[in-house]
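Structure, as structure tokens:
The chains carry the letters A, B and C, assigned in the order they are written, with residues numbered from 1 in each.
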């Protein structure tokens, strides 16, 4: 190894080590635990009404996985999630990018206040956001929903036809501002002399935005989309919130809801094993989507 | 640097029409994003009965004092303590989490070390697993090492953020010029010093973005403290509000006030950090 | 930049110092002569105007230096507590006592998380009413009951008078009164999908039936019984005649319907008297409501159990006898428990708390609830895994409420998911 390579290796790992160690503790160890749990189930220790009041852990092989993968509810939930993401992610990312470009342009003199205002929804705890949006969606309480008709016997915003859009609205409301911050941070790092040079060459604001700024935030934008795809597969807060006022959805409307409620013994009493199997399956789907996205994006870039 | 931007030379100043159009767009967006927040402010002033029967976007009887008393009663007088707990947990997780994310992201972006690709892949895989499902195994782990029901049980899991790592890497790739690092090395600066004096400075806005993410995620996390913390005096504020909400007939007005008071520290923080928003050195340093 | 570094260092140091101060529980090993330590985890609301659990426990600790109790409140839902308890007990770090809903007791027992304290419980049995049976599984008692939830009827007496209707005593009277009220845009009952599993099972019990019984060593899922069919038909008729509101019990829409005076009565669990009328405080409607027994569902003066919980002794508790001693004392502090909105399971009469008296126009609410407790069906039991039956039932009921299906479908859904739950636990079912 050359001196420089050794130097690079040493300091590379030195800087990476704190995170890597934390990651081992907080992610790798629990994931291994969860993977192990997915291969186990439990059975009654004895016969009788209460199984003798004790249980035994048993190895069940791929039974939990087979159960999750052959559950039509899992795949219809996944379908809903994909439909949700296909619309919500582009809308949110484009809105965030647009707002970021606007705030970074000469059109806005004092971006501070706007920046704070757009970001604030991100800071509202999901629990409270749920109450806020419930109040805006329920016809009995909302200043907007009362005038709208029921669809299929269920309140407008909470009906099967519109509920995905209602959830997408909450997600968009919560995360657009934060994604905007991500883009702004990337934009701020661009040396301003670059624009000034362009301006002196006679470029308009539009040209600067599309030809200089957007290419420079490309990295951040691709990352934001990628993470949103993964986040969407794990969508949990919004369906949990909406379900409190749209009970027809059931507790397995989306995969993450299914995984969590399985863990809580609300779908079948057996808990951790099946829940782990569902989440591993979710991770596989999310991973495949991420890979597909990366490949497509690379092809387009070429 | 001040929040007011230096005006462009007159020849490049945008037209009045463009400015007005922009203003309209900004205001519409503001109404959308702030509407529910304003609702929260108004709701925090109402009694439970008024919340249901009075127009949602108008103040009625101001019930703040009663709501505050109810909040204190529901939380057994612990509300201020819980806010302080949350501030401690979130700032500690935010500060340390941002540092380790940036350091690791910087390392991946700028150093050629063996295992670099693998590290990135493994963290990516970690992100795929829904965190909520890892809470139980984490709890088992923290129980085993004797850290359950301590502040560490909330802080340590919160400070490892793969998302922060990816952001750190993307930002470091985009805005830390390798030539600058080389120049500093030639000048005889050590790697650690370079990181703290040059890299962190270049990554100012990035740092803020990652910090806010971890801070808010820690503040709003319910499931983790629900499992980890059982002592009353260690609870974070969001958990306390959740406990109140789990009852059949919570005092909603008091909860809204609690939530609002919980958002205030974050607003204060954001305002305080405003001026670090611009990367002070970026423009000059590149040429440097 | 130096400022940031300084700020970072300062925050970290300060925070570390404070975290250091707030250190975990002392882990001294027990020695002879040391007081016995009992931990008790509960989900009581501890709200405004209630006697706080900490204060009740303090009274015990002051009077019993030899048995020191630490009570902690769990802030999440019942199912999350079940998961935490399971994890804790497997790690041998569980609490001694935990508050559990009656419908969770069988499942927790099956999972091996509860201790058999039959001998101790016998000593205290005389202090409790029928709910004692809910803590007993196949002859093994696992703790003591805390509160019970017989179905009662809550109604707005003034509105009833204005509409010239009386509190119905039979199902036919109920239908007639509901139709008369509905014609004026008022509703004397609500079909609440999110409560159906508990609500319809309690009504089945009131009709003299059960959802589950045991046949030898097997569970018999009894959801096709005549009693169940009768309950299903009753609500189907009510929904078809549009004489019932359909809204979720725990949505704000329900509270608002009461505040608006659209909903003027409902079949409710007894513990709902603790808060159901909170939205009327300070309004002109305050004090108009009363509580009565439910109508005769065909089995005479009988009602069914809707909710309620007990305090069970967990596996791994080193001092079950002392724990049970406290358990009995705590659950007989009926006046304190009543302030938490509970209908205590102890036989000892409780005073009607001031708030309740105000909301019910001075009525002796407790006397009515005590009678309901006496009328409570003793036969109704839950299967292990009932918590997995509830969501499917709710989901189906919500569809019925939207006009997509019949009430009978709700019972069918409960039946299917009951079999699934038992199968998944590996318990014999027919």
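Here is the rule we go by: a residue touches a chain if its C-beta (ideal position, glycine included) is under 8 Å from a C-beta of that chain, and two chains touch if they have at least 3 such contacts.
Computed from a predicted model, the values in this text were never measured in an experiment.
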Computed over C-alpha atoms, the centroid farthest from that of chain B is that of chain C
Determine which of the two chain pairs, B-C or A-B, is joined by the larger number of C-beta pairs in contact. A-B
Just curious, how far off is chain C from chain B if you go by their C-alpha centres, in Å? 38
Cα-centroid distance, chain A relative to chain B, in whole angstrom: 16
For chain A, jot down the residues that touch at least 2 other chains. 135, 141, 263
Numbers and ranges of chain C residues touching at least 2 other chains: 77, 80, 83, 250, 252, 256
Out of chain B, which residues touch more than one other chain, so two or more? 52, 99, 136, 140, 222, 242, 252
Could you please specify the touching residues of chain B with respect to chain A in the complex? 3-5, 7-8, 12-14, 18-19, 22, 25-26, 29-30, 32-34, 36-37, 39-40, 43, 52, 55-57, 99-101, 103-104, 106-108, 111-116, 119, 122-134, 136-138, 140-141, 156-157, 159-160, 162-163, 165-167, 170-171, 173-175, 191-192, 195, 202-206, 208-209, 212-213, 216, 219-220, 222, 238, 241-242, 245, 252, 255-256, 259, 262-263, 266-267, 270-271, 274, 277-279, 282-283, 286-287
Which residues, counting only chain A, touch chain C once they are in their complex? 42-45, 47-51, 53-55, 134-135, 138, 140-141, 152-154, 244-251, 261, 263-271
In their shared complex, chain B is touched by residues of chain C numbered 1, 4-5, 8, 11-12, 15-16, 18-19, 22-25, 27, 41, 43, 45-49, 52, 54, 72-77, 80, 83-84, 87-88, 91, 93, 250, 252, 255-256, 259-260, 272, 274-276, 278-283
Quick check: in the complex, which residue numbers of chain C touch chain A? 77, 79-80, 82-83, 86, 106-107, 109-112, 114, 116, 137-138, 140, 193-194, 214, 217-219, 247-248, 250-253, 256-257, 384-385, 387-388, 390-392, 394-395, 397-399, 401-404, 420-421, 424-428
Using the touch definition from the top, list the residues of chain B that touch chain C in their complex. 47-49, 51-53, 69-70, 73-74, 76, 84, 88, 91-92, 95-96, 99, 136, 139-140, 143-144, 146, 148-152, 155, 196-197, 200-201, 222-223, 226-227, 230-235, 239-240, 242-244, 246-249, 251-252, 254, 276, 280
